[in-house]
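The structure that follows is given in the form of structure tokens.
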């Protein structure tokens, strides 16, 4: 039978063993023998690894020697290797779209326990592919230019790193940060493990470089509102929240803050995790970038009552002469156009009040690790003094690991950073207070360069290590030594006894969680989340910073718990991916667009309202609808509705889909 | 919504004041409640350890009767509550148990389809179905100034009961707050009261009783509020004994939360079984400011 | 009937349910081998004809998998398939086809386990309903004739 | 020039298609100059034996209207097939099953039961099933067999051309005859009407909104107070199948303010008329919430099968599954491997 474009299909079928991944479960020789019986199959072969060079070579040789003009590879998911084999088909001398992939690994061998059933299912999928490929036609891919600018969402260490890498390469970068300053979680830390570098010593220079870089447009106190378009051509709407201080005029001199009607700070500082206080007008921390004050309308008297003497405004106007404070500032919506996006929105910490037996929120001397980071930080609210809420210096401190992590009741995953930061805090607390420090851990996990050595060092610093999951933190005391203290009840599983350890301070090493609004962001950018809520990478090993949405990349802890070195490495990787995309300048679009056959179109208007991208318009003079190829994203919704069968979708034509269904059902 | 009330043996015996006050509270809140017709032992106590199958079948009989009438069961006794829930779960999850229980029920002319009958604790009903706001509205004699030590016991929260936290429950706290009480926060809410150990391993049992009494005393409690007949009995009856063993004097009234509720909702004293306690409870109400 | 293995055609969108099936593979989540998957870019591409074609060619059930509402890669294609499915189910019922044979599920890229549950459950449901070809009186050729009734055509006794 | 021999036959039909022939009026006389009618039971006295006497292929063309459900109909159409060079399915019933085809929505036994045993129209309380075999004065009689399903003509014999419509309007019949009798007849399998959908020739197509069609509520014609004759009926919420139905009729129904019900059947390439109709109608529903959608369907489309398959039920893909094919595949099955007969 001759296919539509006139040639007689000569099909080559290549079944991959994928080592034992497929071959271990599917009887590959049987599938190959079966494939040989299928119509128009000229050759069917098996190979250990089809994706390898010799595997691809088989295809190219068969095209040239046996005049194969249709290629079916039965191996893994098309999401993994479709591109590889299309390329091989092209290099063999055929149009790359005369190829189809049968997924017999992800959809068969890896999910089917009975080898016989797996083999039958693989046959069905191969038969479907053979039926389908008869209806494939040569297609031309369209190329569209890539806008060279880049959007980075999130100004933590990952976002900053990516921004600087790209800006240094000459790209224009829009860096969007929700808070009033960039810096993210890292800015809150005092020291970083395992080298005990001062966090702000290594971060602050990068922050100021961001601010001064001519290629970086920094937008703080801003959020992404809408995303439109596709790889190479995204249109993004950004909302700039009003900070009530004009950014260009403010010089960060603190005079307004000094003159606020609140003589002393009364409101918990978000940056200090509530350990320190701030005024309604404030600069979150001294190294903030941009160093610009911000007014919190929730606590500012002017916003609450409208009857504030507005001393801050007066001071700015009269003392500083800048007149930077503007109570009438409104939110601004900006629209930017970029070719690629890096999402680096980070994580949030686990809320330990969800575990009431640890007493967080009930016992004042139970802290989260992040609160203690602010306590030990030299620029924190206590100037680095580790003191209890009543000002006393703790004599004994317990650090509870895995709070909210590795726990089926809360988060099942290991948060990866807690062991190391707990060791760091243990070291700092011991060093600064001389207190007895008890680390209660489940397992000590210190894989990383210099990490195990750091643990080893701590073991010799007189820090106590107790292997056991803490049952509770209680103020129930049973003897005088415990009086006035918090008691940790923990089974020490190395000596097999339940211990009661009275301490002054408890540090909960809280785990990392996806941000609560990750879901909204995910929808904005059309990317996926894993079941846990972390942004999903395209491939866990081979494409760790790519997503299934072309042109959108992820970096840092928004993809999963990560320490600073890993977040920075990922940021670099994401920047590299973006550079490779942007510098290519053009992208090849999958030619799976919908096409209207004007001779068949009856002009019935049904398709027009259905197109989500407004790509279809009616042409009255010819009484037909027309698709704007540049706008069509290839969803096929119009094809599924066209009553005249005038619209077809390339690569997903009805004939192809029906043939595939038919083929799938031929094997019992 | 109408409920079946499943008293179990305790509420007809040592826990008589629990029954009295519970009925008074439900009457005061206009909650229709009827004793489960022809109920039998829940199968707790020794039965469960002697012959689990028979014990489960006995418990299931109560479920079957309730299901016939399509009503939820309120099981105030913690042991009944736990055993009935356990029975329901076993029937649902283990085919062989389900089979033998259904066979047994069949011989009694009964059948049991599934888990349409919900086993409810009075706290659950009060918090979830009635609501704290409603109760707060109905309070006629607020218990302002009464310092109450809420004690939940070990059974009603484990395994997860769906209406309260397993290690740090708060449903009773919330209720007591609504009555005006000063609720004492403490970490022993679900610690063991000594349970049946007071009769078998007396020393251990007494120590557990002592821990609770001491903590309640230390925290300045006017009363301990319980929801379990065994907890109530252990903590009430052994105060003198504990006093001797640990040379520390105790006289803390141990009340059912329903007695405090009933009082606040305006039920008559005589309907609350207030006289049926070893440590007198009248003085608790004298603490009202 | 216990050895009846239903055939299920899965019409899965490229971005969510197809990826969930890939993830089920990567995470080695076994499920009933009865499912055979066809990939489309969007569930909105699916035409009722595809479903009927599947039944006609021997499928016992059709599972349409799309992104959760609000998650569609193409903004709202999944709503189009929802509308078509709801109407198609009504039509199938009129055809005498058990409407449970057509199932629409929103399964996101991360929900490999949901995919497993749905496929296993669907397989069980179809096992209970039985083969499509024997289901309805209008497809079922008369086997026995009541005495005195008009003679049946032998011509229409094919398959089934 | 010798006149071409032509036959007419009717199967399960209402007679409207016979009227359609007569509706040609004087054009019929013109046609008779070219043709010679050799068989037309409704109008002329020919018997089966007359046809049997003809050589195979002697008839130039036979126009058959009506669907096939009785063994008698099957016998005659097979006979006519043998004797004719061209078979033309005339009208919606032979084209797609037509109105009689809707009977496929009901089990055969239920039909017999309703008409002969328990139906309200039975005068006697006694069931009166038809008696297939009867002898009277040593003459044996037998009734034709009543098949399980109604079939379109091409599900029984090979069909060369189709003249669509319920009934085919005179202009379509005339056009078709002209094509058939021309020196270059169209390729076999052609439906002899327009190649575009009804909308293409409908005057109201211009009144559709530029941004497309979205429907919040479907309205059934008999429940609508006033139909606006100057606005597209579909836009008004009436289920008009114009977008999915082959044109050629000149939008006659629309001109009479009745929505198109699809008698001309699908356009080339559409494998299942009902599915295509259902798909476009469902797609333009303006609701995303399942409850809203269900409500719109409840109120506006109480009978999807009757709505979308009014004329084509036997041709639906589902029926094709069990109906014997006529030897020529209706759907796209060329690369198909012959399926083992194991099922």
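Labels for the chains are A, B, C and D, by order of writing; each one numbers its residues from 1.
In this text, a residue touches a chain if its C-beta (ideal position, glycine included) is under 8 Å from a C-beta of that chain, and two chains touch if they have at least 3 such contacts.
Keep in mind it's a predicted model, so treat the numbers as computed, not measured.
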item: Euclidean distance of C-alpha centroids - chain C vs chain D, Å; value: 29
item: Centre-of-Cα separation between chain D and chain B, whole angstrom; value: 74
item: Chain A and chain C: spacing of chain centres that average the CA atoms, whole Å; value: 34
item: Where chain A and chain B are represented by their mean Cα positions, the distance between them in whole Å; value: 48
item: Numbers and ranges of chain A residues touching at least 2 other chains; value: 610, 637, 640-641, 658, 662, 668
item: Multi-partner residues of chain C (each touching 2 or more other chains); value: 47, 49, 53, 57-58, 76, 80, 84
item: Set of chain D residues in contact with two or more other chains; value: 276, 279, 283, 331, 343
item: Contact graph of the chains (line, ring, star, complete, other); value: other
item: Interchain pairs in contact, sorted by label; value: A-B, A-C, A-D, C-D
item: Residues of chain A that touch chain D when the two form their complex; value: 1, 9, 37-40, 127, 130-131, 134, 600-610, 616, 618, 620, 623, 637, 640-645, 655, 658-659, 662, 666, 668
item: Chain A - residues contacting chain B, complex; value: 356-357, 359, 362, 472, 474-476, 478
item: Contact set on chain C toward chain D in their complex; value: 47-49, 51-53, 55-58, 69, 76, 79-80, 82-84, 86-88, 90-91, 94-95, 97, 133, 137-139, 141-142, 148-153, 155-160
item: Residues of chain D touching chain A in the complex; value: 195-200, 205-206, 208-214, 242-244, 247, 267-270, 276-277, 279-280, 283-284, 331-337, 339-340, 342-343
item: Of chain A, residues touching chain C in the complex; value: 77-79, 103, 105-108, 110-114, 117-118, 120-121, 124-125, 128, 523, 526, 528-531, 536, 540, 548-549, 592, 610, 612-613, 633-637, 639-641, 649, 652, 654, 657-658, 660-662, 664-665, 668
